[in-house]
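Below: a set of structures, written as structure tokens.
Each of the next two complexes has subunit A plus one more chain, namely subunit B in the first and subunit C in the second.
Here is the complex of A and B:
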């Protein structure tokens, strides 16, 4: 069943919150729509579904890679050129700590930057249905809607007080 | 709370910035609506005044002067430390100020303070100086001998210290720019949507990458800023440590000071905040952001500045007393070089401006609760810090030549000769002026592309704060969603 996007533009957050209630009453699932705002609102402020992301895993993954590479480098160096210094063990942790810290940090940094892009789903190839008034403080509700329900969605938005309703062409 | 879209325009609380009813301080709550915030900040960002052009021309001229000085210095080669001593001090100063400034935003964002909202971007914009400091660092790295057969923190690992030093400095610059970019994505999206078509709008559109402001994007953006911020803090401390260790500590045989790198890092935090306050003052005064940067930001930041200045003195005293009471022969020589004889003047200036002026100034509530007070103290800290870097790094680079033997021995004899102070020559002065001018030049350019007051964070702040009547005065009510 083909789906199209409908975007409701609301001047006030109260009306946008009302619209999400009306969408649910009209039988639309929480996963069918997303709220677009120009500044962040507290999670769940519009009754939308909680978003889950795995960004916190990225720095740990990167740190693990960086740590492993640094350990391999420092251990390999010491084993390849075994020089006993001051009676200390060949593989000496204090000596390795300096480079290991840097390797761990660099791995975590690179993966976090990539993680922010991946988890934000950026860059987006196409903008999709959007309205520049959202940047100015209006609230947008983008709904993925089956074609036969487009009129119903339009009505829900307008009854909730939408300033404007846009349809995907 | 404000419903986030349309409210009253102006300011609550005596409609002013300082005193309200019967001289009491009234809360500063921005009651502009998000459309007004977007429009006013973007208008100020786009506006190019004659004063801005003049500042750009002057700092650009200084940058060119610095490049000429740098070219002159290149003719001295990289065999000796002394010709590059003032370049090193300048690099250390930029690392301490522009390098540390983003931490002001990072730290406050992590503890979820609200007063920092208009101030954070002014701090993050200093990340653009990472480009300049990386370029400045390259010749300094070329002078440094390898870590083979000498005392250093690197234990003779292959490539040390050069590979790890450059990876660190480049990594910090990239991380700073990433932090700035991620924090600015929603504001770049605002430029994409609200600017007239042109080069800036096109670039803003590219860099905002079709950001739409979905709950997922906001959630990831905030989490990403917290993680990148934590990493920046951890990495900055690390970079200051290895720079201080390799470019000062390791060049002076017999110099033992366990808290020296920590002291340098602390000074960085002090300077980063000071640089941010000076930038915020200039943005308020000349940039068109008067309504967004109020006494709240300066007052709140000044308390941290006072604490950091007291900590600076504590760290200094902790290090100094070891030498003062130890008085081993090399300790006496170090005291005479760094404090009492050779670099007495830079030491006295730095002690006066990094501790006495901040302490005696910011101990008064009237000074803290003002805009000019913290800014004057911040200027003092920046000047004091520059002289402190001269004292530490110029003296250390001198020893790099005087005691060149110590760079090729594992157990060199300790320092024993008190050297006269090394004064700057014309190329050094050109490099100092050029590097500092270059940082300001890059900042000015960046501030015309990325709004120096964060639109989305200021708009978000209006959702959670408002003033209400409480008996015979107004008080601020603040909501905390997390």
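Here is the complex of A and C:
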């Protein structure tokens, strides 16, 4: 069954929350729609479903990679050019600790950033139905809707107080 | 009862005003912006000429000579690394503690970090006199000749730490910038819109994206804070692990450098914020309250710094070693270093800290500009007084001792770095907002006013 997007534009958070309630009453699942805002609202303000993410795993993975690369780099350079200093071992652990620490942190931070982008589903080549008024304080509700229910969705949005309803062409 | 700091009848009017105010410079910069940018570019060009001349003629055109081989450029390196510290530190601590007044301050602080650090890293490269040769000292790429970096040298630790900090700071700024780039995308047209669309990466602003954005702010803050501490510690070890220079081999150097960096960095952020406030007329965003809060923070940081400063001197004297005592005597009582020492102490602590105790001073933009600039004059001199006197007395043979006079080339390069940081901040403000738009908007949503008895008390709603 072909689906099209419908975007309801609301002036207030109360109207947007009302619209999500009406969508549920009309038989739409929580995964069918998403709320678009220009600034963060408290979690659950629109009765939206909280989705799980695995962002916290990314820094650990990155730290492990960074640590390994740093150990390889510091050991490799010392072994490749063995320079005995004061009769001490070639592999100087205290000196390596500094670079290994930085490598570990760098790996963790880079992977965290990649994790944020991955979990946020960015970059996105196709933005889908959108309205620039969203970054002007309006609240958008983007609904994936079967074609035969487009009229019903439009009605739900307008009854909930939408300022405008846009349809995917 | 909703209380909005930004005037407007409803959310849309408030958001429109915030967009206009904070994106104003991005979309149409005023004439004074271009005049200031042109002036700074001219100074940077002069400093660039000085660098070119020095590279062409050799280090002989500087005031460096045996035994003082570290002078203005290394002082400037330590200074700019210090400035870079406040930014992300300030932003990270304020985010983690959910301080409400952080909202207008975080981005400017982070941007100061990035550009100060870029400038700092240029200093030792220029100072080497042969910039193109420095890469293989730090990065293992010279496979054909089998030349590898010596990981036991602090001169390799420095690039490792600074590269980590710079990369992290740039990524930190970029991730927090994505929602604001989307605002710029929605407000621009033509080629500019196409560019903003690419860098905003298709941001739409749905709850999952916002949630991850906020978690990322906390998570990255927590990850960057240990890096920030490590960077200036490692810079201090450039000195502290050297046993041959009197006054450098000190165990207290790492925390002393870190706290000094925080003092100079937070001061720089205050100066930059006040200048931006006047330049872009951000009177509704950078308020007396913001500056007052930063002033209180500065009092605490300055007192902590003074504690470490006093300890460093006390334990230096406590050894009763003749050479150490002679160095301290030279630093504090023998001209020209004594004049610099008195100026440093007056400007970094004695004048500003008592003034900051007065609420009227902390809330005055003029006084805060003057005092924070004074602090950075003092902190620059502090680094000079750590580096140069020690080197001037390096070695036991008195006929090897010398003094240091910076050449015009070094002076031009130092002045040029200040212009460079200013110019880069201005250029950044032309492509992205220096105050986080979405953060200010969120502050407006959560802002409230409660009535207790006969008074209205400003309040902020917060999620558990």
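In this text, the second predicted complex is superposed on the first by the 143 of 169 C-alpha atoms of A that agree within 3 Å, B and C clash if a C-alpha of one lies under 4 Å from a C-alpha of the other, contacts with A are read in each partner's own complex, and residues count from 1 in each chain.
As a working rule, a contact is a pair of C-beta atoms (placed from the backbone, for glycine too) under 8 Å apart; a residue touches a chain by one contact, two chains touch by 3 or more.
This structure is a prediction, so every number in the text was calculated from the model and none was measured.
Clashing of subunit B with subunit C is the outcome of superposition onto subunit A.
Shared-chain residue A:55: touches subunit B and subunit C both. Once chain A of one complex is fitted onto chain A of the other, the partner contacts of A:32 are absent, as it touches neither subunit B nor subunit C.
Of the two partner chains placed by the overlay, subunit B and subunit C both lie in contact with A:12.
By the touch criterion stated above, A:164 is placed in contact with neither subunit B nor subunit C.
By the touch criterion stated above, A:119 is placed in contact with subunit B and with subunit C alike. Contact with both subunit B and subunit C is seen for A:134 once the two complexes are overlaid on the shared chain. Of the two partner chains, both subunit B and subunit C are touched by A:101. Comparing which residues of subunit A touch subunit B with which touch subunit C, the overlap comprises 11-12, 34-43, 48, 51, 53, 55-56, 59, 73-74, 77, 85, 92, 95, 98-99, 101-102, 105-106, 108-109, 112-113, 116, 119-128, 130, 132, 134-138. For subunit A in complex with subunit C, the residues that touch the partner chain are 11-12, 34-43, 46, 48, 50-51, 53, 55-56, 59, 73-74, 76-78, 80-81, 83, 85, 92, 95-96, 98-99, 101-103, 105-106, 108-110, 112-113, 116-117, 119-128, 130, 132-138, 142.
In the complex of the two chains, the subunit A residues touching subunit B come out as 11-14, 34-43, 48, 51, 53, 55-56, 58-59, 73-74, 77, 85, 92, 95, 98-99, 101-102, 105-106, 108-109, 112-113, 115-116, 119-128, 130, 132, 134-139. By the touch criterion given at the top, residues 10-16, 19, 140, 146-153, 156-157, 160-161, 163-164, 167-168, 171-172, 174-175, 178-179, 182-183, 186-187, 201-216, 219-220, 223-224, 226-227, 230, 234, 438, 441-442, 445-446, 461, 463 of subunit C touch subunit A in their complex.
Interface of subunit B with subunit A (complex): residues 3-6, 33-35, 37-39, 153-155, 157-158, 160, 164, 167-168, 171, 174-175, 178, 182, 185-186, 189-190, 193-194, 209-224, 227-228, 231, 234-235, 238, 242, 455-457, 459-460, 463, 481-482.
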